[in-house]
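Order of writing sets the chain letters: A, B, C and D. Residues in each chain are counted from 1.
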């Protein structure tokens, strides 16, 4: 990779780790938006945003980019960083890379002639992010359960990215792994990988003997009917984004412990998450040939 | 599954195993086209094709269906079975299931109002078939090499169905597994599964230290340039359908042993292959709701 | 297994789980020594120890049996339970099973004609205990590290029971596993299982690139000389009983984070630990033929 | 390792591969006893045995050393090589390393003041040899069975060296692995590794559903009583040295296919076997400090 200049603006601890990692590779890196971070940044922060932007080829935004479509998601910054302002300062040749760029912001970028790329549109990023997500889910199960995963019955709902990696890790620890899917081809894959396959419509026959259920499907699979058959000491860990896959109220009513675990990569493994972001940024730049 | 009536017409040993397995499940099964099989059929053959067809709901053709677009692929039959004739005898309510139904035959079926379904269009069938293919490839490597796969460097070209299952098995035996792909997302998957990833353009840097190379990509990846760097005692096993992935003439010239292994499921594990065909037939019938 | 009568006296939460599990199998079970437990016992406690002992075939003591060689290890009991007293109440036909019975107590048992068996003398118990120990060590590593174990370099010192199971689980999660041993035969085993082997005298060459080091050897392997080469952000988890395998003072001086994790089964997976104790008790009784 | 001088006398193809591999490491290597080998030796053979012995530090004998206690096991040599003669030519400072040195030969060595070491007394050699043995057994199963090992029920009798490595490989290919043992501790290990454990006395309950049975126990476990319950299409592969673990006559009578597969390393993977012999020779020399 040729060396480049980067400015990392806002974001959580992953952004700080990313900046340091980019620098360790010999790139020219600046950061902005961390004046309130209570920890070592590893490098000096730029004082003026405009000056910092002026000199770089690539601006790296947070992941997710914004929570309000107006300002950068910058939890460690005492002031607001307006997207508007940043876009105004950028020129056509510069590149903006960030995570979950909303349609609204994407439109704004076009208005300002800013070339933006969403990290989460990258398939490899989504795959890699599934690794810390799966490992974080396992950590939660270990912390919450009075039994080992080894020798337990665990059920993974859904065989997408997270489902695939989570099943593999659970088997690797010694769990009896059951995986639910609804497509015949997925069932074939599940068998070929050595897990026990469960068709969606057989779910009720299996949930009763499970010790932990991990959901990765973003709609309510664990409804009243299925919850009724789940053992009271079973733990449900929901990894699906809103609305999640569990009828949480019903689960509570039935006395089944449920944990809705979102955004695990940044929480359980920020350094690994930063490494994967960096690797995806390099892929983007390699493909663009810039 | 409700019981049904089947007629298995032609095919290799898998068709015989399939017929017996369908019967063991309680279905009503007839067979035709095996008068020259030198082995136990496990059931009586129907004498007249027309009578046999008359009474069944489903006709199961060979896999592949035909080698000449005119007659059934029926290696154990002393006479030719014309597709034309069979289609003429079938009625609208009957179902024809076979493997690799060519466009020409498919057109003919439409003309005769025969409802035909190709097994190889089924994703789950393709996934399941990759299991005996991968295992057959491993058997060949074991037979041909004076070293164990355990501890060897093995390279899998391509990370499709066969590539995925083959890599997993090789790792399971204790091989040092390298997998080549060209998409960043595939590289991410390869890493997540614990194999060493090789970009297509890095191939030349890796092939030199490989003990066995398995190709699954159906175009010439191992060309003169790459072959030049492969060790003389490396074995190449090509699993790709025509034209294959190896410049065979050049490989021979360079003194590199190459094996083009096609149609492995029927050769190395006909009983397992028949089991997967049966399971796919059941899925088809379940989906049709017939 | 024939049903028997048991009295569980003292111990931590594992003893309570054990009592319930023995009862669920249809045995006649009493408990004593839990009047201060702040949680549901699942069964009534016997009021008088003497009456309780009077009617049972087997007395199950804590694990470890005693911390002072005088009283039962009974953290949930408001009064002291004297070993002396219990031995006095027991008769020749009764069996005492407990964990880590010291030589002094063992001698006392002989004096009182009590037939005692130490759970920790049972090889299967030691093997099974290694499972929650290994899983607990993994949980700690996940909690403490800002990186995933997947893709990390992890080193296991020692290839005994815990070393074997821990290495397998780490590989199963996707870690790059290195295992240190000093015997050629162990090195052969390590290679055969697919880990990277490290001879004791090569340790200094490897520790520098490790992310987590797990020690299972009960004497100081990680001394000043080795610690000097360990990265500052490496985590050391010491699983060895006293004196442990790390020069803790030096590690602190060098700024290397070290955790001494003992008695993990009871802490991270009391229910699984109780299951293994029960299974070992059954083996003992089966062997005795009582 | 310091370079040394070796003379390889007699043996099968492994001895030739060993000689070449020792030479490739920079050692000074001679060979004798291969004048009838129909293949490339890779180096010149010494003409006179006495001259060859005269100049070397180490003499490497065959594996096994002798079949008659009188002559070297030298299948590629047109003349007999008498052990007596060789011992006479050797001096006190020279080292003889060979495999399976009988008590009689060992005694003879003492008489002639020859310092001899048996490779098979080395634990690491026995462990490493289990790798090609297990892989060879898998190759045979693949060749003989019309089903894939993936998805099959396989039973391994005995959990010693071969049992451990074979179980691991079978699981790695995707087999449902059952392992029989008679010690509680072994059963604990079997469970901890994720196999299904079978007590010796439960054998009859399990054998009926097995597709392949691998025996590693050197006494008749599969007797009339057990054979009676084995399915007719089950394959038995016996890996145990004489007398083997199967009542072969009874098995034949019952129509069960049985294969007695001995000395697999030299047959299926001579190059790997030679590599392991070399590594063990180096360990021996390192330990002796010569």
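By definition in this document, contacts are C-beta pairs under 8 Å (C-beta built on N, C-alpha and C of every residue); 3 or more make two chains touch, one makes a residue touch a chain.
Computed from a predicted structure; not experimentally measured.
The chains in contact with subunit A as well as with subunit D are B, C. In terms of C-beta pairs in contact, A-C outnumbers the other of B-C and A-C. Ranking every chain by how far its Cα centroid lies from the centroid of subunit D, the top place goes to A. Against reference pair C-D, the listed pairs A-D, A-B or B-D yield one interface repeat, A-B (criterion: more than half of contact pairs the same by residue number).
We define each chain's centre as the mean of its Cα atoms; on that basis subunit A and subunit C are separated by 36 Å.
With centres set at the average Cα position, the gap from subunit B to subunit C is 50 Å.
Listed for subunit B are residues 131, 150-151, 168, 174, 191-192, each touching two or more other chains. Taken in their complex, subunit C has these residues touching subunit B: 150-151, 174, 191-192, 194.
Residue ranges of subunit D in contact with subunit C, taken from their complex: 122-125, 127-128, 130-131, 165, 168, 183-185, 187-189, 191-193, 280, 283. Here subunit D touches subunit B in the complex through residues 17, 131-132, 135-136, 138-139, 142-143, 145-151, 168-169, 171-174, 268-272, going by the rule given at the top.
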